[in-house]
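Have a look at the structure that comes next, please.
Labels A, B, C and D are assigned to the chains in the order they are written; within every chain, residues are numbered from 1.
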Amino acid sequence: MTEAILEVEGLHKTFKGAVAVADVSFSLRPGAALAVVGESGSGKTTVARMIVGLERPTAGRITACGHDRSHPPRSVRERRRRGGEIQIVFQDPYSSLDPRQSPATAVDEILRLHTRLDAAGRRRRVAELADLVGLDERQMNVLPSELSGGQRQRVAIARALAAEPQILILDESVAALDVSIQAQVLNVLAGVRERTGVAYLFISHDLAVVRQVADEIVVMRGGSIVERGPTAQVLDNPRHPYTRLLRTSVPGPGWRPARRATRKETQ
Amino acid sequence: MSGILDIDHLTVTLAGEDRPKPVLSDVSMSIAEGEAVGLVGESGSGKSMTVRSIIRLLPPGARMEGNIRVRGVDLGTLRGAALRKMRAEMPVIFQDPRAHINPVRSVGDFLTEALRIHRRMSRAAAEDRAADVLDEVGVSEARRRLRQYPHELSGGLLQRVMIASALLAEPRLLLADEPTTALDVTTQAEVMAVMDELRRERGLAMLFITHDLELAAAICDRTAVMYAGRVMEVRASASLLERPLHPYTAALATARPSIERKVDRLTTIPGRPLSAFEAPDGCAFNTRCAHVRESCREQRPELRTLLDGQVACVRVEELQAVSHD
Amino acid sequence: MTATSVVRARAGARAGRGGLGPLGVTAATVIAVAVVLAAIGPELASADPNASDFAHAYGPPTPGHPLGYDSQGRDLLARLLTGARTSLLGPLWVVALGMTAGTAIAVVAAWRGGWLDSMVSSVLEVMFSFPGVLLAMLVAAVFGPGLTSAVFALAVAYIPYIARLVRSAAVAERHKPYIQALEVQGLGAFTICLRHLVPNLLPLLAAQATLFFGYAMVDLAIVSFFGLGVQPPDADWGVMVASGQSGVLQGYPAESLLAGGCIVLLVVAFNVLGERLSDGRRVHRPWRLFRRGGTA
Amino acid sequence: MTAYLIRRAIMLMVTLLVSSFVVFTGLSIAPGNPLATLAGGRSLPPESIQVLVERYNLDEPFFIRYAMWLGNAVQGDLGLSITLRQDVSDLIASRAGTTIALIIYATVIVLVVGVAFGLLAALRPGLVDSLVVIATAVVVAVPPFVAAIALIGIFAVGLGWFPALGGGSGFWDGIRHLTLPAFALAAAAAATVARVTRTSVRRQLHLEHVQTAVSRGIPYATVVRRHALRNAAIPISTLAGMTVASMIALSAVVERAFGLNGLGAYLVSAALSKDFAVVQGISLVLVTAFVLVNTLVDVGATMLDPRFQLGRRS
């Protein structure tokens, strides 16, 4: 078994006394795809934000590519190095891009930061990345307002990959897309992983999408992990009652919504 | 044939920036008493506009052609009090209850307003009714809820309040516009269960709008698929999912990943969903269809009766023959 | 490359279209004309704005003096044109100082958040307790009347208003994914603010600056009307309204009316333009669909 | 709710304390020694100097002086006017009535006229709306002193309906004398309130919850009254309150233009004649009034909104 590329141990986060994440631990191997599954309030997004450094853990340790990142970076160099290790793609394609910047310029800006390529080299790399996520030259050179949600999300993926990260966090990255667009982006993600060997940490509430993307799953509820294991095993034979509930709540052929008389929702 | 709701050749055009913008193009469908019909489509397909046309809640400057009849009454002829009465009998359950319920009035006020105005019920009597229905939709401590304000309730609870307010109107037809899209999947299952159960108990007809083909198929008798402001296919739900006839329906069904198994690559539809105003000549789907022929670009296919429903595709028979070989 | 620039140009044209509208363009034209007149006007006027000739007191228009004379027999046109310069330069300084300081404070507070943000908010809250005109009077009392003290006083008094507006926009922008993506990439805070955050606030800043220019014009004119701002005999529209008041009572309203009319016209123009600019900021988005679930 | 009120009360006290400090410090940072500043550059006889030194504790350190000044101010002793040799408090008391009457009169105009025209424009799209929008766009830009001059020119000099200057005597005569000043003061503020009323009501009418009510078959008039107006009342009252508060400082403008014997006019002449004790005293009174009105309005608007437990709206 290879060494983990991302290691999360005993992660805690409280917001003004309210526990958002409690004792979360997991690890991600190079090139693997791990899904963090949960509903709103499960703490899955907070975990992602702590890993990329947008939120400070109350307690616990995060190690990525052999470097600790539980604390804010101490230098400009360290901050940039972290950028080269983990990148993130967010949910909302409409606010994920600077509205004043064309995709090509946005990717170019990242290349300037992380590589020593000259102008011609950067142009080549921008074209490569565009090809990787399936965008043409015209689309790379218009303003984001001219692009559809799916196209913007591809730009966000290309921009994240420009730093050549080892880990890509996808925080509900396909949740806001139409079904036909979602399928395109999921295929792009599959292709990217095959061609670059980047590892995915896939944050999602959608079990069907998770089945398509991830090798392994951790299921979160109320800030803690309730079940973990290989995707097929967890989805086909869920052990925890909550995972079973999630599984049976998904509409499908022969699905009949059932009223659970035992649990009336209370505020 | 006259059902509880009949939509005939409905075309809706909004006032655009430089020119009028069609959003619905020749939509026809009908719902029988007690029947649930799903309306499925991606963004811009016109499914919400269909609901808005039914309750005549279109943006200013919108033009409507064709007609909509509710139990035989042409809605276009209704004005003033008669229109209000008809609206009161066709409540809409909207997607985002937090935006659709007045934040500065109490839940009780929201629930009893229509009763007090339309039925001239006293506040106390209306509150009794409201509390009963809240209890029915599975909201605990109904009396206390009536005194609370929308911001004090979770999204799932608030959507139940919305459903309760719809049921209080004692309608024959429910209009539901993506009622569970903003909810968590487990909450969705519960809210759907409540809606489904109460609808069947009371024998209500329902027009159910969603982007989720499987959800629609699971709870509706028939399902209609819309694309670019047109109806592409209307079929009995089970057979629509099992054997979609229209290439768009088929593509939509396979584009969605399955919870049962992983595939190497999903079958995708190239391009993005088009809105009615961007639709090409001929079949609206012809720019994305894998089976497109010259004839698809020339003439718009009519909705034809076939098997257990209707389809708008000229190549259905050929394609079915191929897939069965 | 050419293909790219063509596409860019088209994108730019689209962004520009539907921007100001005929009213906005009219307002912008009025302002442009006023600016040009303020710049070259005093040279255009044939008469000396401060030369008085009591023989012409309240005199009607004569050839070469198309607007007539004031109570001291000074040429009204010359005084209006000279007054345009102080009346426009004063607000310009107020807006420049107030916007710069207010924006800087707001962006820093929004970016850092936490205790710094709450402290800045509290300080701004206290600063709200001084109406601009009152502060200007206080400053004039202490440092003596004059345009400079009035400009500084008003700039300071506007800071809380500007900073509060900009702060809420900056906070919203700061939490948008594109800014956070840049943070994750490892870009420095200063670079992100300078290259991304502030440029994206520019439409809002431009609209606010335009609106505040109008307010500053009125407030400075008030201070001058009190005799605490621009000092006579220097021409200024506020001063002219005040000095014309006795004329109004005697049935010679020309001076007050003309100066007041200039103020109103320009303030209307600045208000209209400012409103048009902030309307254009509303980004029209195709409807967004958020699936169930969402973020934790 | 109690916690909120306590927080607002503390905030109010802090704000008043800081503003009093600013008002007091203004005097001390003035060039030259405090005595010269107080004297406003006049040469005073030794006995007057002695009075000033005692009255203002000029031989004490700065903070002690501030504390004593504030202590006296709280007890109603605001010092001595150099020019009139009278207690500032007495001077203020004798002039406050005019200013208060003027502001109340103007407030009534702002609320009645502003809200009425705003509602009219919001509920009658088309010609009526356009007329109100154009008229308010112009009136909003009319500074109170220009409005004052215009009103004097038309209604006093031209038509002779109202007196141009002075305060009048007796209640009805006083009202007559205050009418033009009140309208001059209220004009721009009323236009502002009308515009805000219009946009707030319009915005509410386009909101989803209003559409729900319409889709439920509620009569339009009821929808407007129970939903649009009720919800718009929150932003309207906040802004109307702020506008009324801003008239406190602007009252000086119309008082001066109409030769009214009020606080503001006196503040201006005191500032011009460097009568510092008066400037300090009136500034303190006006700032306190401004802060109080703003706080009351803010608290009131918050109470109107049942969501206020969620914290301050931005």
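Here is the rule we use: a residue touches a chain if its C-beta (ideal position, glycine included) is under 8 Å from a C-beta of that chain, and two chains touch if they have at least 3 such contacts.
Protein identities per chain, from UniProt: A = Dipeptide/oligopeptide/nickel ABC transporter ATP-binding protein; B = Peptide ABC transporter ATP-binding protein; C = Dipeptide ABC transporter permease DppC.
Please read all numbers here as calculations on a predicted model, not as lab measurements.
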| item | value |
| --- | --- |
| Chain D and chain A - chains in contact with each | B, C |
| Chain whose Cα centroid lies nearest the overall Cα centroid | C |
| Result of counting contacting C-beta pairs for B-D and A-B, higher pair | A-B |
| Interchain centroid distance [CA atoms averaged], chain A/chain B, Å | 32 |
| Centroid spacing, where centroids are CA-atom means, of chain B and chain D in whole angstrom | 53 |
| Where chain C and chain D are represented by their mean Cα positions, the distance between them in whole Å | 22 |
| Distance from the mean Cα position of chain C to that of chain A, given in whole angstrom | 45 |
| Where chain B touches two or more other chains, by residue | 43, 184-185, 188, 211 |
| Residues of chain A engaged with two or more neighbouring chains | 39-40, 178, 205-206 |
| Touching two or more other chains - residue numbers and ranges from chain D | none |
| Chain B residues touching chain A - in the complex, by the definition given at the top | 42-43, 138-141, 152-154, 156-157, 160, 184-190, 192-194, 196-197, 211-215, 217-219, 241-242, 251-252, 255-269, 272-273 |
| Interface residues, chain C side, partner chain D - complex | 122, 125-126, 128-134, 137-143, 145, 168, 214, 218, 221-222, 225-228, 238, 241-242, 244-245, 248-249, 251, 253, 256-257, 260, 263-264, 267-268, 271-272 |
| Of chain C, residues touching chain A in the complex | 3-4, 7-8, 11, 15, 176-178, 180-181, 183-188, 196, 199-200, 283, 285, 288-296 |
| Complex contact set, residues of chain D against chain B | 207-219, 222, 226-227, 230-231, 234, 304-307, 310 |
| Touching residues on chain A, where the partner in the complex is chain C | 20, 38-46, 52-54, 76, 79-84, 86-92, 94-102, 110, 113-114, 137-138, 141-143, 145-146, 149, 156, 159-160, 163, 171-172, 175-176, 178, 204-206, 220 |
